[in-house]
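Listed next: structures, encoded as structure tokens.
Across the two complexes that follow, subunit A remains constant while its partner is subunit B and subsequently subunit C.
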Partner chain A sequence: MEYEFVLGLEVHLQLNTKTKIFCWCKNDPFYAKEPNINVCPVCLGLPGALPVLNKEAVNKSQQMAAALNSEVQGKIIFERKNYFYPDLPKGYQITCPHYPIGKAGAVDLTYFYDDKSSEKNHIIRLREVHLEEDTAKSMHKNDKTYIDFNKSGVPLLEIVSEPDIRSVDDAVEFCKEIQRIARTLEVSEADMEKGNMRLEANVSVRVKGDTKLPDYRVELKNINSYGFMKKAVSYELRRQVLVLENGEKLHQETRGFNESTGETFVQRSKEEADDYRYFPEPDIPPFEFDLGETRNITTLLPELPKKMRADLQKDGLNTQYVNILLENSELRRKYKELISAGYSSSESAKCVINVSKYKGLSADKIINEEKSKSSSLLESDNDLSPIIDAVLKENPEAVEDVKKGNENAIKFLIGNVMRRTSGKADPRKTSKLIRKKLS
Partner chain B sequence: MDIEEIQKKLVSKEASCVEITKEYLKNITSLNEKLNAFITVTSEKALSEAEKIDNEIDESEDLDVLFSLKPLLGVPMAHKDLFSTKDIETTAGSNILRGYIPPYDATAVKRIKDAGTVMLGKLNCDAFAHGTTGENSDFGPALNPYDLSRPAGGSSSGSGVAVSAEMAVFATGTDTGGSIRTPASFTNVCGLKPTYGRVSRYGIIAMASSLDSIGHLTRTVKDSARVLKVTAGYDPFDSTSSKIKVPDYLESIIGVKGLKIGVPEEYMGDGIDPEVKSAVKNALKVYEKLGAEIASVSLPHTKYAIAVYYVIVPSEVSSNLARYDGIRFGNSRESFGDEAKRRIMIGTYALSAGYYDAYYLKAQKVRTLVIQDFKKAFEKIDILLGPAMPVLPPKLGENSDDPLKNYLLDVLTCPVNLAGLPALSVPAGFSKEGLPIGIQLIGDHFAEDALFRAGYTYEQETRYYEQKPQLPLKGEDPDGI
Partner chain C sequence: MISKDDVLKISRLARLELNESELDKFQRHLAGILQYVEQLNEIDTDEIPPTSHAISDLKSRYQEGSTDSTLSQKEVLENAKEKSDGYIVTKGVL
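Right after this comes the complex of A and B.
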């Protein structure tokens, strides 16, 4: 029998607000010089301390929700999720899963698949986007547990998908798309290595063609890299199919992944599941927004990866180039500068991503190489000035157009300078000099 | 002495702040062993504070300015041990927090300190404010200065005793279901439970967060108004604190002519002690004589209030006490008292999956009905008047085998908390046996000014507050000490 994945993901993003979600402590869990320096009665959970919601965290969450096509909600109600853990000083986590920041939503990954003939559906629906507080960090050393509260109260955005994911590739692309959007909006670094992006997967399988959801799901927690996710999820798929093939039943449980054996193992079964005893957080009144406010969030969003990708594709770039530019805002900026300086799109892309030369290099290194390369460009006034003068003299009509404010005419002149210097003139410098000479 | 008398003495140099402070410390020394009002006495800090205040007064070029900047200057007071005080042990009356020294001041503590007071120490209370008589304190009950065989009333038990027996000019308290009004009415002092959100809760150890109201106990109504003027007002550290402006309560504090007073019939029914009932009736006569209009009103959902209260309170308590996990504050969870354990268990049950709708959610719905009762009443009348407590102070241990009996004592006080309204308990005379009786005035949201006006006018007419516990205290072992 042929089986298919029924996979849902929960993506946790630490928001990069200046202060923590419920107090005025610095939000800086990774670069703090010592443990427990960005702390106060609130994030330590001291008796009597009360949470006060950070508006910046709400704003950033709403932007993220809007960018994920989620319906930004007019009412947010925080609740207490009660459970015991040493890194949770109050004995409850403040979160808003029932009256969240955004409801529904979708991540459309179709645009990542050039093979449009594929019958696969790559639209992953979202259940909700909610905001909560991060816990402190436990460290185990010499048989003792140490707790660092610098991370306690860092705003955490949880993006919960519907179980719409049918392949490991889609799972990875789904997370990457969220990562790209978060970075585009500059609401989170979304760095999995550091831990400001964390994943949980709910995995089950069903016979292909079935429309009903399986009556169980296996939770895989603390996934900290795409490699980890691929391995753990693929293992689960094989394991679950095997169990079903043997005519056995699968159960609701939480499993961990052992990287050295490459296998998952039971951490907790359904019988031991927590009852979180949610109830409305009495210390934070419900937040209400009017329709205008929530609509504004969508209209004020910057250009998002999907549109960027479409534009890059329109420029005629191949998928490889498009993906590299999409991943890196620095390269994208440079690319756009070159375009506006008169280079063709393929020239510009090649210039910032010299695939043959930079293959395998990280984006940072490519930029560095680019920087050192650009220093060999003609950029001194003495070198450029006579060439520009000659070009201006040869193109009196374009000069007139520039004076009338025609931007295309400037591009035309820059292009001429480029040709004369076989592309060695620094386009920005050239543009500046032309403007100066004609002003 | 009340605040005015103390400040007069300071201004006229009849007494220094150090002398006044010493007088109160002397009372504490001679009485606390019998009454058990204080958990911690901070004599040294108090005296050095008083000395600073004396210097400040000596060096001041304009005393009017000084006293208007620090309206409680030179007044010795004490805090319920639920209020976080920086560098001073704060136990919440519980063993589990014994030895806990907060690194910060509660907002109310800071405001009272900044107003120029001298803090004498921390006051006994039912552990985590769970109690109606004061007998649930892990430090033993505070005893009633009018009869040592009876508790002082809780949970702000030490606060009532300290003011009543002149161990402090005023004392702070918290009121979640009557915890200020009960000890006030049992010890012949004035107790204010402000509107929910009028005074910041920041830094005050939570009982039930949606009901906790931060107030105080004073000898007189004017003192109560003076203290509220200092503690009330928006606090950026408490999202539930109100931005509504704090009026000058003393401006028009007298006169009840034309005031419409409603008496809830449910507050005068069966189960109310006849002596309490007659005290209320006498109070109504006084008000009528002073020109108020009396009307009977109905709050039909009063009978459900206790049930609602004892679902919502334990639910929030079970969550609020989770932080005392036996890891952080030095004492194991074994040291929780019976009442705390009882509320943790009831609350955990009420919030559990499958029971939430039937208990917590249902209770919140009925809470709305209780609120609507009051809303309707306030469409027709200005304030409500009724007994604060349905009974006279019971004997020690009278209800200890039956916690439900104690719960039922909150019947007339807890509806006010469910609705978030302000209420003022004022002395209204004594029983045949000489036990104090209090009436409570209930106002609409943020109508503390109306309560002060009604309370002050009545107090000045009746002057019960002038009576003080007689020494030696009733029930005192003559050979004792």
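Right after this comes the complex of A and C.
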């Protein structure tokens, strides 16, 4: 029997606001010089401390929701999600999954597949987009846990997909698209290696053609790279299909992934599943937004990756160039500057991406280099002639070979001229002059 | 009536240890509270939106300006039973 994935993803993005979500502490979890220096009674969860919402965090969340085609909501209500863990000393996380920033939404990956002949559906619907506080960072060594509250209270945007993903490739592209949009909007660095973008996957399988959702799902937590996700999710697919083919049933559980064995293992089964006892956060009254304001967010969005990619493809660039430019806003900007300076799209892309000596140079400098290269090209016979004469004199054997009709010998002589002129000789002119002199 | 298992579950979630007589006592107390609240079900609330906060016209406010509420590392660690190199140290949780 043929099986297919039923995969949903939760993407967490740390927003790059100046201050934390509910207090005035600096939002700087990765570059702080020491642990526990951007910390106050609110992010430490001390009794009596009161959270006050950061407007920048709301604005950036709403932009992100709008860019994901999600309906930006007129009202958000924060709630307490109760659980015990040392990285959360209050005993609850403040979050808003039930009255979220955005409801529904969709990420359309179709544009990213050049093969449009297949009728595959690459539209991943979103359930909701909500805002919450990040927890403290914990490190585990020697049977102890070390806690740093610099990360506690960093605004965290959670983007929850519907279980619409049917392939590992789509899962990766879905995350990459969210990453690209976040970077385009400049709301998050969205760097998985650092940890300001984190993933959770809900994996189940069903017989291909079935329309009903399976009655279980396996949660994979703490996925910190695309490689990790590919391996863990692919392993789960194989494991679950085997279980089903043996006529056994699959259960709701949380599994971790062991990198060294390449296998997943049970972390928590359904019986121990959390009961978060959500209730409205009494310290934060509901937030209401002006409808005109929320509608405006969409119109004020910058150009998004989908449109960028279409434009780059219209420029006639190959897929490889398009993807590199799409991933890197710096290169894209330089590319555009070169285009407006009059260079062709292929020349511009090549200069920006392929010419290693131009790496790290600004567009202006690249243009200058390109200009000086073309203007200093030795083209006139008067400039080239004495150099060619000298080269011919030094290489009598090659000259003899050329006279015998050996084409490689001509190339050898041209190469010598190029070396002497540090590449400034026009190779075609040089070739012509050598032939003339030796004929 | 709320079951003993429910009471045990709630105490476990709240990290409270109850002995047999406490278990009986809280089963009775919780049942009483639930019965009292149960009276609300006599009212038809189909058309009424859920209330999240007791004072219904309360509007929230954003952070304004900046307040220097950040503590020094020394202050942050002051109440910790165990600390090391600027970190708060707890029992291992892994």
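For this structure, a couple of remarks:
Note that in this section the second predicted complex is superposed on the first by the 354 of 439 C-alpha atoms of A that agree within 3 Å, B and C clash if a C-alpha of one lies under 4 Å from a C-alpha of the other, contacts with A are read in each partner's own complex, and residues count from 1 in each chain.
Operating definition for what follows: a residue touches a chain if its C-beta (ideal position, glycine included) is under 8 Å from a C-beta of that chain, and two chains touch if they have at least 3 such contacts.
Please read these numbers as outputs of a predicted model, since none were measured by experiment.
Because the two structures share subunit A, they can be overlaid on it, and in that overlay subunit B and subunit C fit beside each other without clashing. When the shared chain is aligned, subunit B and subunit C each come close enough to touch A:L53. Contacts of A:D143 after superposition: subunit C is touched, whereas subunit B is not reached.
Taking subunit A as the reference chain, the count of touched residues is higher for C when subunit B and subunit C are set side by side.
Of the two partner chains placed by the overlay, only subunit B lies in contact with A:Y92; subunit C stays clear of it.
Contact with neither subunit B nor subunit C is seen for A:P214 once the two complexes are overlaid on the shared chain. Legend: residue contacts after superposition of the two complexes on their common chain; A:P282 is shown touching both subunit B and subunit C. Judged by the touch definition given at the top, the superposed model places A:R80 against subunit B, while subunit C stays out of reach. In the superposed pair of complexes, A:C25 makes contact with subunit C only, with no contact to subunit B.
Applying the stated contact rule after C-alpha superposition, one finds that A:V39 touches subunit C and leaves subunit B untouched.
Of all C-alpha pairs linking subunit B and subunit C after the chain A fit, the shortest spans 5 Å.
41, 52-53, 82, 84, 86, 275, 277, 282, 284-285 are the residues of subunit A that lie in the contact sets of both subunit B and subunit C, per the superposition on chain A. Note for the complex: subunit A touches subunit B at residues 41, 45-53, 80, 82, 84, 86, 89-92, 275, 277-279, 282-285.
Residues of subunit A that touch subunit C in their complex: 19, 23-26, 34-42, 44, 52-55, 58, 77, 82, 84-86, 99, 138-140, 142-149, 275, 277, 280, 282, 284-288. The part of subunit C that touches subunit A in the complex is made up of residues 9, 13, 15, 52-55, 58-63, 66-73, 76-77, 82, 84-94.
For subunit B in complex with subunit A, the touching residues are 83-84, 90, 92, 97, 100, 102-104, 106, 201-206, 208-210, 236-240, 315-316, 318-319, 321-323, 325, 327-328, 348, 351-353, 356, 360.
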